[in-house]
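Chains: A, B, C and D, in written order; residue numbering restarts at 1 for each.
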Amino acid sequence: MSARPPKPPRQERWDRRMETPLTVASLAFLTTYAVRVLARDRIPQTWLDLCLAVTAAAWAVFVVDYAVRLRLSGLGPLRFVRAHLLDTVVLVLPLLRPVRMVSIYDRVQRRHDKPRLGLYARVMVYAGLSVALLGFAGALTVYHHEADAPGATIRTFGDAVWWACATLATVGYGDVAPVTPVGRLTAVGMMACGLALLGAVTGSFSSWLIQAFGREDDKRPPGNSPGAS
Amino acid sequence: MSARPPKPPRQERWDRRMETPLTVASLAFLTTYAVRVLARDRIPQTWLDLCLAVTAAAWAVFVVDYAVRLRLSGLGPLRFVRAHLLDTVVLVLPLLRPVRMVSIYDRVQRRHDKPRLGLYARVMVYAGLSVALLGFAGALTVYHHEADAPGATIRTFGDAVWWACATLATVGYGDVAPVTPVGRLTAVGMMACGLALLGAVTGSFSSWLIQAFGREDDKRPPGNSPGAS
Amino acid sequence: MSARPPKPPRQERWDRRMETPLTVASLAFLTTYAVRVLARDRIPQTWLDLCLAVTAAAWAVFVVDYAVRLRLSGLGPLRFVRAHLLDTVVLVLPLLRPVRMVSIYDRVQRRHDKPRLGLYARVMVYAGLSVALLGFAGALTVYHHEADAPGATIRTFGDAVWWACATLATVGYGDVAPVTPVGRLTAVGMMACGLALLGAVTGSFSSWLIQAFGREDDKRPPGNSPGAS
Amino acid sequence: MSARPPKPPRQERWDRRMETPLTVASLAFLTTYAVRVLARDRIPQTWLDLCLAVTAAAWAVFVVDYAVRLRLSGLGPLRFVRAHLLDTVVLVLPLLRPVRMVSIYDRVQRRHDKPRLGLYARVMVYAGLSVALLGFAGALTVYHHEADAPGATIRTFGDAVWWACATLATVGYGDVAPVTPVGRLTAVGMMACGLALLGAVTGSFSSWLIQAFGREDDKRPPGNSPGAS
């Protein structure tokens, strides 16, 4: 979204061709990671190994895609990393992988030339979906590391989801909270990313509401005194 | 509010005719639901059944209104749902019904061509009332499901209201917090809706304050040095 | 600040004449209320009675000022209340009285035609001072009602101030929290007013920062590539 | 950043000459303070004394720099303090010293005429780095004063960092919270500064996201219906 110069045609073609594989890989990554964390004790080891393999394969797809796009962009690695920060973070932290799916959805949407939502609505949908996926991935990781820790208050996946929601909304009741270093690190990452994204949702909603109320005023015949702010 | 094409006259007429019934239905829904939750053990079963009937009747009014408006709009169901998202959510979650009342109040206000509040003030009033109704409905539901749960910290309706205020303000002391799945689900819903609405209130107030201070500068004679930011 | 039509000269004169008495009354109100709450057990009853008398007298000054201004404005009571909402709230809730002091300070500042702060800085100062006074008044009231309550966690005035800061910042640790109905009601009022005001501070600071960074760009010679946003 | 009149050449020269010493002093201050707090019991007293000396020397560098710049500016002390508020606060509260480093980094960046980040990105980086340094300095101070306090919940530096993150994000779980007066005072300071800065980060990110989505719309051929908000 931040690449301002017009893309060369080969890059365009690559982007288009990779849409389906990337979506599939994102879904596969999220699903298999979730299965491995949530069904640890309930499914045979063979399945867990299979899940791990799929997770790794999905990751490989993203690495290849990133490398090819770096190649095609014609930019140096450093400038490319700067222009595609989200993609890069996602490459290093597989946990955030699913968030990419949102931008793929956006790209598909655009290609089909569908009548799209308004600007604020699109920001809300984009940031809102990102927050939801981030929260889900965060809850998975925290549950993964907290469930068996001594003195942990997050003991079920339900607790982890409840904790993730309270954290992202900055409510933070504190009835459940991570106690392990990895759990707390994940929490800090969720706060940093989630609050900025949620701020975008809230800000867009607020702007949209003000715009909607303002438009309503414009529609009224000019003879009426519209009141003053 | 988001229907941009001019409404056909029949739709206008329907909107106008339904104002009073919809307000009455909203009030009836809220009141009877509140009575059923708060006075459970204090009034005879017959009254509770009557309340349930009124609640259901109020819901039916909304269903009929929604169906007629879908019909009159001439849009396909999907596009209609998109354009009237709030009405649709309200139809599915009767809990949020009372929030509709605010937009009815707005419509009545407009029809009487009263000198209206300024743009930001109107957004503040609208979003503020919605938050208040949302908080009340949320407190009712949470109290309904938590009061008898084992290990619950929300034991009285006062606790529930206190919890709802602390949650909507994102303060979240955690001295009282829901423990049941339904209570927590309601809480997550309140966070999602409430924070966006409260953000609109806060944002509008902030914009209004900056505007008010800015206007004050403009009123000063131009000879005075207005200082610089 | 929200009175848009030019004020009649008599009103101007009244405003000017009342500046000093109103400031003195505000300070007297705040001081005597604070003394009554904080030094309850340490000073003789006579002094407490004197404080109460001064508090009442300060309140009377505000009532008289409000009545005269209502008279001079030539507006009906309802329209006057709407245009002077803050003054009206302050009249009913003596607790918020000190907040008025800020607007008096602003008025004095303006009369002396001092080179004033920029728009955002002024909003920040105004809203920041209001929040500080609100927090202090809130801490006083909560301490007043919680100190002797059974099961209270707010036992000293220091606890009350700590709680007020954590509440206004929406952090809400929950290590101390009000348990009495009056304390909780005060807390809800503080949340409602404080969050909107704090949002104004934060929003202004953010706007100011963006403006300052933007101005820096403008100052650079146009030959330099300013980068792109 | 807030000095609007063009700087006299001697001031420019001083600013340029002091860049390296100030950066070194900032780093030295932060490092030696951190060593003194974190390694109290693990390194011999001589080293601790050396650290204290370096801390004091770094502080002296800032005092001298401030005095010279006040001199060169040709402004009165009061107006200078007003125009350089951050520098002044930093002078009084050595804790906030490292935050200055960010503006030095900004100045170096500008001097090298590097293609710079966009406006919003720069605000985000600036405010984000300031928050990070503020959080680190706050965690150090709180750990310093809480570690040995009776009844403290912040017992390790890890706890202090976790608490600082939860506080700056306004989540405030309350599982760990300061109990000493100095610790709570630091916390209040962190809330006041941190929330405004974090608001700037969030606000800039939100504006950047909306801008990025808006630019995307502009790039589309005008024949396509861009949808409406």
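In this section, a contact is a pair of C-beta atoms (placed from the backbone, for glycine too) under 8 Å apart; a residue touches a chain by one contact, two chains touch by 3 or more.
Here the structure is a predicted model, which is why all the values come from computation and not from measurement.
Over half of the contact pairs shared by residue number: find the pair among B-D, A-C or B-C that meets that against A-D.
Checking each pair in B-D, A-C or B-C, only one repeats A-D, namely B-C.
Check A-C against C-D and say which one is joined by more contacting C-beta pairs.
C-D
Would you mind pulling out the distance in Å between where the CA atoms of chain A average out and where those of chain C do?
The mean C-alpha positions of chain A and chain C differ by 41 Å.
I'd like to verify one number: the distance from the centre of chain C to the centre of chain D, where each centre is the average of its C-alpha atoms, in whole angstrom.
Roughly 29 Å, centre to centre.
Going by the contact rule already set, what residues in chain C reach two or more other chains?
4, 166, 170-174, 203, 207, 228
Using the touch rule from the top, collect the residues of chain B that touch chain A in their complex.
It comes out as residues 1-2, 4, 113, 115-123, 126-127, 166-167, 170-174, 177, 179, 181, 184, 187-188, 191-192, 195-197, 199-200, 203-204, 207-208, 211.
Touching residues of chain D toward chain A in the complex: what are they?
The contact residues of chain D facing chain A are 158, 162, 165-166, 169-175, 198, 201-203, 205-207, 209-210, 212-217, 220, 224-229.
Chain D touches which residues of chain B in the complex?
4, 170-174, 228
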